[in-house]
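Shared between the two complexes below is chain A, which pairs with chain B and chain C, respectively.
Let's look at the complex of A and B:
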């Protein structure tokens, strides 16, 4: 009996020491996905610890996306006053690092929405970096496939028409509530994985790599973008209500494109 | 008389152009896509026929029913290429999930294929079937992908008698079943020089 107990406790402690935590009933596939995430985490965050907290970010994503090249993602942050940055990672995309937001003093980082490309059924991860430098992760499984290589259904020239044009919609933001803003950028955000079906050449990657939104002289957010952001990027975000001046958006792409536009907030919010 | 002959020539020319255009153009409807005479050399992504002469077309149920016979599962999904212009400091970590036990031969359904790669494909299948031409084989990629149709066509032409084409591919499988991460088949990579070919 004593030996049995010892064997049992050895088994238990071995399970506790397993490098990849696997829940009861986990399959080989779950283990593979966990191993994949471990690899990505190491690549992006190095040796920094990433704490698991399913309540840190509410990830809204369709369980099954209608269009894998245009998957709407909503990220609601539980503790928005303690947020320095937000990473969005699509595990099974060949370039998993989809977006990194760094928030400035004019941001209300309670909710971010955007549209992304999803290459295959995959876990997605939102990782919050808190003001004291801690990393906290939340995951969700998304069913979509083929989004990175899906052609845009038009010629490259047509897709690039008006590149860099921007539009912005603001909510009223009355009564001290944050101003909700939706930024629309015309840009094909070519993934580099889209094949011209006739010539069989791949359109080179051309995507918005950096985007800064400022309110007056204060930063709302800086975005490091990637090929996983859908064409014609749409970003929904919050601005603190007490700022002054126009909202400026400055964007660049990886092929040297540079655009800047200014938008006036509706007077009710000033 | 001369004019009539001229017209006939023009007419024949028109037929030829029409036939060439039909062979290269993608079908604009998923209904009644005709089987090409030989391999399909048009755009790799597009509507595919409902049939493959000499092979059995299977759906998910058909695949599930065949699995107890341990068929050779051949996945010809193209490998993700690192895009031109992709920054060096960003992680590029392509991964591919497939039907468990599948052998991944990226690009084996491309057409035309240089003779040495065509030979490498047939040699690889010969090894996987142990030279048994009656061994069940399943070719697949993704939906609306001609690659697996071509791979099946090549195997029928090579004399395999139990070729199955599974047009729903990985997508048709992963709704009901687990997928597993696969790496490009090493002998195939060695024969091609690069998994991205």
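Let's look at the complex of A and C:
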């Protein structure tokens, strides 16, 4: 468990972990999985109680992933008006704590979609933090392996091309419905576990660690990200329809990169 | 074609409009077929087809790497020239390469002068270690070295998990880099090599045997087995046009029958890739997410390819990532 605890920090360099990948996986018993989740919970949430409620979040994930380095995840929140934050954890990844969304007043947190890496047969957990500070967890089992260490392209240079470019697509959001937005960010999100055989070095971890989306002067969400988010991150989310001004995305990575882009919402006048 | 029966390729090969090539294989392959009972082959070993005079090919079955097949799933073989031997593909593991090395030894004493490393995928490069004792020139695309840097060790570890350390093999680097094109002279025949733009992978190398007129597109051509996309979908469609312009009528695909008519085989490949492109573009345009696209795109191709369910979803995932930024 010591290794797991080391691996939990969102900010820890993954390169330090790479030579000793966590060898948990397909053969673990339910008891071993439960013990691991208990450890992870303690590390992230301390002594706070986490209530189990399978109806709190509907987790859409392929039971068996086609591509372990790009596993689409959909999270549908049952009680979206009472949500402050959302944690997503991939228990058996080298760095399990994949993402933490903190929602602002301009968010419609009914549905979040993203693409992640999955390194092993694993439980994934979505934990909702309600506005009154309660934590509620939902789990799902996903079969995939090698997603974190899989070489992503055939050269690092190619993977870095256009780093920081962004695109955003919006649905119409007519009739007072939330505007559905899909944000695309060009970034390799190097996990730190992709090895260069000649130098015997690992391409250093370089990933989007913070991302803020605002609508006008109101926060939609703040995201703390980690190496488990797939390269070229794509995040699908909802914006309340009554806001004003452009949608601004500001992202940083753990090596000092910083990018900001503004997008105009489709006209809501009609 | 009885030799194919155990490999499950008969129906599919027959369905492809390449019946002339099929007859030709039966003719050239006749020698191997009649040798079969005498040699008493083990179930997992293969026959070699003499697809043209002095050109011997082993068909890889439409399967994934497994402990039972030594990752011997690609079409591998060799060309015997006046001055020596060129290995067209090394094999999928050390064990597969050793099998090929032994087969060469049964047919000729000439030195093995060249081993082609047609691209970075494990079923094409891990046999190379079996030829190191011959000290040949290992020939690869100019990008192969970098691709092996990025992936070689990862592939090797995966292969070791499947086959064990003894059978897997090691990563062998090219000693001759082809940047655009090159020629190799085996004395009585010249082989023309072309380094392609990013297509199936970023390091695809094709070869034209000017003696027989046979084209060796390696995995730029899949026949019967669903193509796997690991480079660029749009790039692959471009390189298909280039292959068409090379003047060959027959080809040895990377997977599928050992000799086919080039034009209809490329047409089948282009049809799949074009369908993949058009339906993925439509999914992106309609904001249909990737998890829906993988189950809906190119489903009309399902009955036309072996291993469709294993690879199509991955191909859609690759295509989607390429096309969503258009």
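Details
One rule holds for everything that comes next: the second predicted complex is superposed on the first by the 235 of 270 C-alpha atoms of A that agree within 3 Å, B and C clash if a C-alpha of one lies under 4 Å from a C-alpha of the other, contacts with A are read in each partner's own complex, and residues count from 1 in each chain.
The definition used in the following text is that a residue touches a chain if its C-beta (ideal position, glycine included) is under 8 Å from a C-beta of that chain, and two chains touch if they have at least 3 such contacts.
It should be emphasised that the depicted structure is a prediction, and the values quoted were computed from it without experimental measurement.
With the two structures aligned on chain A, chain B clashes with chain C.
Once chain A of one complex is fitted onto chain A of the other, the partner contacts of A:191 are limited to chain B, with no touch recorded for chain C. Of the two partner chains, neither chain B nor chain C is touched by A:34.
In the superposition on chain A, contact of A:95 is made with chain B only, not with chain C. In the superposition on chain A, A:235 makes contact with neither chain B nor chain C. Of the two partner chains placed by the overlay, only chain B lies in contact with A:43; chain C stays clear of it. Within the superposed three-chain model, A:247 lies out of touch with both chain B and chain C [touch as defined at top].
Contacts of A:204 after superposition: chain B is touched, whereas chain C is not reached.
Applying the stated contact rule after C-alpha superposition, one finds that A:126 touches neither chain B nor chain C. Annotation: chain C segment clashing with chain B after superposition, chosen from 1-9, 19-27, 91-99 or 181-189, is 91-99.
On chain A, the surface patch touched by chain B in one complex and by chain C in the other comprises residues 146, 149, 151, 195, 197-198.
Residue ranges on chain C touching chain A, taken from their complex, read 120, 143, 146-154, 158, 171, 201-203, 231, 287, 289-291, 294, 313-314, 317-318, 321, 324-325. On chain A, the positions that touch chain C within their shared complex are 60, 62, 66-67, 70, 72, 74, 113, 115, 146, 149-151, 153-156, 158, 167, 169, 171, 182, 184, 186, 194-198, 232, 234, 236. Across the interface of their complex, chain B is touched by residues 27-29, 32, 36, 39-40, 43-44, 92, 94-97, 119-121, 143, 145-146, 148-149, 151, 191-193, 195, 197-198, 200, 202, 204-206, 209, 226-227, 254-255 of chain A. Across the interface of their complex, chain A is touched by residues 26, 43-46, 80-87, 90-95, 97, 142, 170-171, 174-175, 178-181 of chain B.
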